[in-house]
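Could you have a look at this structure, given as structure tokens, before my questions?
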Amino acid sequence: MAVGDLALLVATIMGVYSLLAIGLNMHWGDTGLLNFAHAAFFAIGAYTSAILTTPPETGLLANRTVGASYPIFVGLLAGATLAAAAGVLIAVTSVRLEGDYLAMVTLSFAELIRLVIHNEGWLTSGAQSLKGIERPLEGSVPIRYDLFYFLLVLGVVAGSYLLFRRLAGSPFGRVLHAVREDEEVPLALGKDTTWFKLKSFGLGAAIAGLAGGLWAHYVYAITPNMFLPSLTFTIWAAVIIGGAGSYLGAIVGTAFIVGIRQVTRFVPSDVPFASDLPYIRLVVIGVLLIAVLYYRPYGLLGDEERMLAGSEEGAD
Amino acid sequence: MSLLEVSNVESGYGDVLVLHGVDLTVEDGEMVSVIGPNGAGKSTLLKTVAGLLEARTGTVEFAGEDITDTPAEEIIYHGICYVPQTTNIFGNLTVIENLKMGAWALEDAAFEDRVERVYERFPVLEDRPNQRAETMSGGQQQMLAMGAALMLDPDLLILDEPSAGLAPRLIDDVFEKIRDINDSGTAVLMVEQNARRALREADRGVVLELGQDRFEGTGEELLDSEEIAELYLGS
Amino acid sequence: MSRNGTALRRRRFLRLAGGASAVGLAGVGSARQNNIVLGHLAPFSGGLGWIGPNARKGVGLALSEVNEAGLLDGRQVTINRQDTETNPQAALSGFQTLDSQGVVAIIGPSSTVMPNLVQPAQDAQLPLVSTMAGTLQLDDVGGEYIWRTVPSDSIGGRAQGAYATDQGWETMALTFKNDKGSQSFSAAVGEFFQSQGGQITGQTPLAPNADSYRSEINTIRNQNPDVISMTAATEVTSLFVQNFRELGVEIPLMLSNDVITPDFIEQMGADTMDGMLGQAPAPGPAFDNFASKYQEMHGEQPGTFSGSSYDAMNLIALAMERAGEASRQAIAQNLRSVGAPPGQKVTTFAEGKQALANGSEIDYQGAANPQNFDENGNVVGPFSVVRVENGEWTEVETFSASELTQDGGGATTTTS
Amino acid sequence: MAGFDPQFVMAAFDPQFLWNGLVVGSIIAVAALGLTLIFGILNFINIAYGDYMAVGAYFAFAANTQYDLPIVVAALIGMVVMAVGALVVDKLVFERFRSRSAIVLLVVSIGVAFVLRNLIRIVWGTGSRRFSGPIEAAPQFFGIRVLPDQVAIVVISVAILGGTYLLLRRTRIGIAMRAASDDTDLARIRGIDTERLVTYVWLVGGAIAGIAGILLGLDAQIRPNMGFTALIPIFAAVILGGIGDPIGAVAGGYAIGITQELSVVVIPTEYKPAIGLLLLIIGLLSKPEGIFGEATR
């Protein structure tokens, strides 16, 4: 039984992170936007949903005075919406910037958002965990709850995968690809590229927000430390290793990175350097990131799909 | 043997081929103007000669030497100096610093002598050695660009649209200087939007279209040709 | 500071030595079948990465004693160690990894991640004994599967508040590292100090990665308090104390228990630390004996949470011994009775095993604390206020457990 | 907590805050100078720059406390190690990506940052370290507490800024660096071997990163993520000063350092890190060419 729990937990984490990767792939893989605020969208989704569904706490550390008991799906929806709104707002100010400048601005926005979450305890519980977050339908599902939740996440991942893949292949997606390759071309064809970029940003942020909600309602408690820039970097590594532009690649890349984390947990704790494992793992991810960019610029699966996308565009 | 001999050169950017086999020669002391419509590959041709782009096929020979695959930073040592159309000066550097960079390939000792000669030709530069280059007017910047290129006393000066963006009065100044430079023995290869003017100045003209050289002749011949006038001179 | 290098090398050596023995053990297949596996989930990396090794060494000492005395007719206990990385997600993965490996109990992690583990532990019916989580957020959730061998911050904070009141200080500035644990402790100090009629002049959070706290210290000085209560782990505290001394501030400064170690004085210098105050759980009844064995085994004095980790391991083993079986239920149901009176007072597993074999009830007296669990799985215990004198932490006043708990749970707030 | 309490208004003119700001600003200015030099020629945002600072600080720390060398010698070792280190990283990694886009290089630099930061953690542990030396109350001059270390930081910063200024203004190679930073293609046309310049720039930029990390460690503490957390204000300085403009970067550095330290007068201390973030955002959004400098892109 317990082995199953672990497998389900790891699979659920993979699912939630896959959603993040899918969102980022829309930004980077499809549109060529350097979004480094992904952890913030994830956080906004998580906190929004948690606050809307969890009443204010009581007790000595209860500084959170805002809270409600809306149904969880309302929270999830609001989380995704608010994340999308934040994404569009950030994009409105900065999407015209060149790629690497956009990266710095979005990273700064993400850190600002985290700083606010960390310090505005009346709203978010601040540095304390926002705890007591309910799980949807707990106690009223006929199957094991972890299995149920995994299936829920899996369903969302599958739905998002199909939706985003479809979007990428649609006329909308083709404009995004054109923006990615050379913005002058769609501009010359009379497309309002800024508007397309905003939509891309909003959609990707929305799915990250939804992931945040799903995460919050799974782990009982959330803290600002779950949303550090390193999370954004990790998702980036996943998308690039999987293959920018490929939604399947985004999922595979995520599974790969979450997998390394879990597999290394089975390393006996008494081997030399065992306590340095988290750092060794990050060194390995760093090296892998560089190696993939060098030897397989389009990642594990990116090649194929970009070629596919190219031929589709060519056929029009 | 010609000073510069470009034979059947193909070149371009990334996957896009712009030049589809171009032949071109410049003789010692000659001034040659390349004209043609937008996108004909004029600038691409110059960049390929200057080593900023690689020729896919074909050869570039200069003074009898094959310089086809010579990178840009070595071209100048062969006696070719290239003045691009955009950013042909270092805007953040002062006038004197720009000239120093023009003489990078030179021993320090020779600098003073050369700079005097450039000042003689472009007195406007002597007045403001410590001015930041980008704060100068367009005409002055063009003078500085040419001045810096002349620091090495090259055998061939390549100019990409020297008159672009200048007021008519300044254009006269610029062409006068070019004439001057050519008269003192430096061969000039020039691309110009202002085709009539360029052909009037040049000893010989070459018409480029769709990445191929279509016509060639003396300046007068090309100016007199009705076909050329209709197609390229916008008469 | 130059000692850091040698300490580092020694640690590496021990780790290698430990590795050799573990590999040797894994080779013996039959012995393995009989093994009882316990989980140890602690921060070995991330923000609180420096605590994990202290806990590991405390557990390690108890483990060797338990295995030597023989648990449940000589079955061997092994530890599966998982890193929380001071991060809830990693902690959850670590927890589930331990659950999947069938551990019968987990020696548990810090405040940062505990709230995420409460429900999973209850769902898995897996006893989780934290050796380092003081957060007030856990005050009322334990007693069945959730336990801790360190007192709640609400108790520790009172010691500081009470001492300040005893000194006749009327105003206090609170400052704390802007993280969960420190904020929790600081809130407890302030709450109690106010309940005794004191006044809080301000609360100044300290950003964890700041390059200096000079401006913050100036702000605090401008509040002109009688005493400053400063709560943070070593990193922030060392920079704060450095800046505090450099700025020549003369206000009494009370530090939190994370830094009440000889190492910290040595790191900062005895002169720098002279006269600084701190509070820490008073050593438990078995502390001296524990400390000397610890010194022998690890070549250093016990660090923060070493004692509470030693106690947790002993309590879990004794619970199994009392139940006569190694199961999650057995541990959950016996933890309280082996810890609390009535019963014969014991300080080691061997003593306890003996007493249980003789048919007596036992009352384990820990190294960090008497370890008497209340109905919510919390322990209370005496706290000492200490001051640095001649480069050593010297006890200046001790508050008994009853003094710190007498006027009921939530002290009333008197507005200032 | 904030507000227009007279006490806060008074504090705004407290020269102590100004001095603290000057010290912090000096460190940011030096760090920003190195970053902008590297950016000027290589044209990509090097996220690993902060970790170069940390590596420099840790090598100096090792020399100072593990091998008991005087701090000055240790600092020189840290500088040299990082100068060479920056070059080695370039040869091992960045050089192979030279023809790729700035965006790819930025992502590559994230990988480099992961590797460096975690190697530091593996070698030196995660805790904070200090250079050797006692902690003493700072002497007061005209009511301002001034630490010897702080004076050293300001003096060394000025020396480095001055030295770099002379290098960039008075030497052929320095002028060439600025020229290549302006336009690499034109520099090549002039016959400048830009690959060799890149080597010099990594050496100079790496050394500056190293010393900036050491100064930061001297003023604060040495931590594995010290450079990464300092990166935002440093980038903000570079951007305020106009990317690739050394003088602008230095001006931006002082401006940010002083603003940051003065900010606690009007905003709650916990929002101090927001200053760098906000200035970075405002700087990029309002004037990509910088407030103190000139456009280079």
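A, B, C and D are the chain letters, set down in written order, and residue numbers restart from 1 in every chain.
As a working rule, contacts are C-beta pairs under 8 Å (C-beta built on N, C-alpha and C of every residue); 3 or more make two chains touch, one makes a residue touch a chain.
Predicted model only: the values in this text are computed from it and were never measured.
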| item | value |
| --- | --- |
| Contact-graph distance - origin chain B, target chain D | 1 |
| Relative to chain C, chain with the most remote C-alpha centre | B |
| Separation of chain A from chain D, taking each centre as the mean of its C-alpha atoms, in whole Å | 31 |
| Centre-of-Cα separation between chain C and chain A, whole angstrom | 35 |
| Between chain B and chain A, distance of the C-alpha-averaged centres to the nearest whole Å | 52 |
| Rounded Å distance, chain B centre to chain C centre (Cα mean) | 77 |
| For chain B, residues contacting two or more additional chains | none |
| Where chain D touches two or more other chains at once, by residue number | 121, 268, 270, 273 |
| Per-residue overlap in chain A, given as positions that touch at least 2 other chains | 118-119, 273, 276, 279 |
| Touching pairs among all chains present in the structure | A-C, A-D, B-D, C-D |
| Footprint of chain A on chain D - complex, ascending | 44-45, 93, 96-97, 100-104, 106-108, 110-115, 117-119, 121-122, 232, 235, 239, 268, 270-271, 273-274, 277-278, 280-281, 284-285, 288, 297 |
| Chain C to chain D touching residues, read off their complex | 1-2, 4-5, 8, 45-46, 49-50, 178, 202, 204-207, 209-212, 214-216, 218-219, 222, 234-235, 238-239, 241-242, 245-248, 267-269, 271-272 |
| Interfacial residue positions of chain C with respect to chain A in the complex | 12, 15-16, 18-19, 21-23, 26, 44-47, 52-53, 79-83, 85-90, 92-94, 96-97, 99-102, 112, 115-116, 118-120, 124, 135-137, 139-140, 154, 178-180, 183-184, 187-188, 191, 205, 410 |
| Of all residues in chain D, those that touch chain B in their complex | 172, 175-176, 178-179, 181-183, 185-194, 245, 294, 296 |
| Residues of chain A touching chain C in the complex | 2-7, 9-10, 13, 59-61, 118-119, 126-129, 131, 219-223, 225-226, 261-262, 265-266, 268-279 |
